[in-house]
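Next up is a structure, given as structure tokens.
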Amino acid sequence: MPGYSGTKADYAKRMRRIEGQVRGIARMIDEDEYCIDVLTQVSAVTKALQAVSLGLLEDHLGHCVVDAARAGDEEGDAKVREAADAIARLVRS
Amino acid sequence: MPGYSGTKADYAKRMRRIEGQVRGIARMIDEDEYCIDVLTQVSAVTKALQAVSLGLLEDHLGHCVVDAARAGDEEGDAKVREAADAIARLVRS
Amino acid sequence: MPGYSGTKADYAKRMRRIEGQVRGIARMIDEDEYCIDVLTQVSAVTKALQAVSLGLLEDHLGHCVVDAARAGDEEGDAKVREAADAIARLVRS
Amino acid sequence: MPGYSGTKADYAKRMRRIEGQVRGIARMIDEDEYCIDVLTQVSAVTKALQAVSLGLLEDHLGHCVVDAARAGDEEGDAKVREAADAIARLVRS
């Protein structure tokens, strides 16, 4: 079970909302809306996705990484390394 | 006409692809896929949206801001200020 | 003259303050302060640098890019392209 | 002992280099260098600080968070929450 299983329904709802926002931006472009207004919506979606990432990451640390730390040194180290790489991708995206 | 009108079809296509990616992430969550794999996909979508923003912004500077600069000092200043605010939102999102 | 010449003294003061903050972080590390406290200070410096970048960029758009737009199509296009590249570096950093 | 104590000398060296880069930017501004060149250097410093943050965070997860996870549920939860907040500040800065 993934670390987010306790809050899965919440993530599902947030992703559906984000999908609707993305579709809304496509429509704005189709209707020639003003560049700045489109940009504002794109920033809103990026922020929403970032919030999802931060939530997933906290769930992951609190379950998968904590469990691995308790399972042993090697398991803990591997999960920490993997989480650190995911954080780096998040910070740079 | 917005600054992106010359490349509108390209943006429409990119937004459709992003919509598909968002739907794919919702499916991954639904199927209990591993947290880190979900995070990797979310980072990919964030990067794709960021590329759309940077493109829209360049189109906006090259058309709307340049036109305003030529129309007069006041028009130019107003558009520069508005673009700077959009850039700040983008950097902070 | 660069686009920031009207606010040069202000940037000089901000960079001196940032230099002091960086020195403060080095001292925190030297005195073995808690990781999270060091991280909080690094985030504060990153935010301060980002604010400097956004200011410089707005000055640049309002002077160098506006002037180039008025000088001609080719000049305007070249400055817009260059500014867009700087914005992309800023967003990705 | 903080999580970074094993790599403390390396961080000290990196912070000294960053301090030098910040001083270099102040000098560029003082000498009226071109806006875009100043911006490029500010982005370089921001990237260097981000790399320091990611390193400190990995050290913190690998030592403080892992130790807390082993000490007990409450200790683990508290450290995970604190780390997640630091990651959020980092992503948003």
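Each chain gets a letter, A, B, C and D, in the order it is written, and its residues are counted from 1.
Rule of thumb we're sticking to: a residue touches a chain if its C-beta (ideal position, glycine included) is under 8 Å from a C-beta of that chain, and two chains touch if they have at least 3 such contacts.
The model shown is predicted, which means the values in this text are computed figures rather than measured ones.
Q: If I superpose the C-alpha trace of subunit B onto subunit C, what rotation angle comes out, expressed in steps of 5 degrees from 0 to 180?
A: Result for this pair is 180 degrees.
Q: Taking each chain's centre as the mean of its C-alpha atoms, give the chain farthest from subunit C.
A: A
Q: Regarding the subunit C and subunit D pair, does the interface count as same (over half of residue numbers shared) or different (under half shared)?
A: Mostly the same residues form this interface, as more than half of the numbers used are common to both chains.
Q: As a quick test, compute the distance in whole Å between the mean CA positions of subunit B and subunit C.
A: 22
Q: Just the number, please: Cα centre separation of subunit A and subunit C in whole Å.
A: Once rounded, the distance between the two centres reads 28 Å.
Q: Nearest whole angstrom, what separates the Cα centre of subunit A from the Cα centre of subunit B?
A: Using C-alpha averages as centres, the distance is 18 Å.
Q: What parts of subunit B, by residue number, touch at least two of the other chains?
A: 50, 53, 57, 83, 90, 92
Q: Taking touching chains as linked, do they make an open path (line), a single closed cycle (ring), a hub with spokes (star), an all-linked set (complete), or other?
A: ring
Q: With touch defined as at the start, can you tell me which subunit C residues reach subunit B in the complex?
A: Residues 50, 53-54, 57-58, 61-62, 65-66, 69-70, 76-77, 80-81, 83-84, 87-88, 90-92.
Q: In their complex, what parts of subunit A are in touch with subunit B?
A: 1-5, 8, 11-12, 15-16, 18-19, 22-23, 25-26, 29-30, 32-36, 38-40, 42-47, 49-50, 52-53, 56-57, 59-60, 64, 82-83, 86, 89-90, 93
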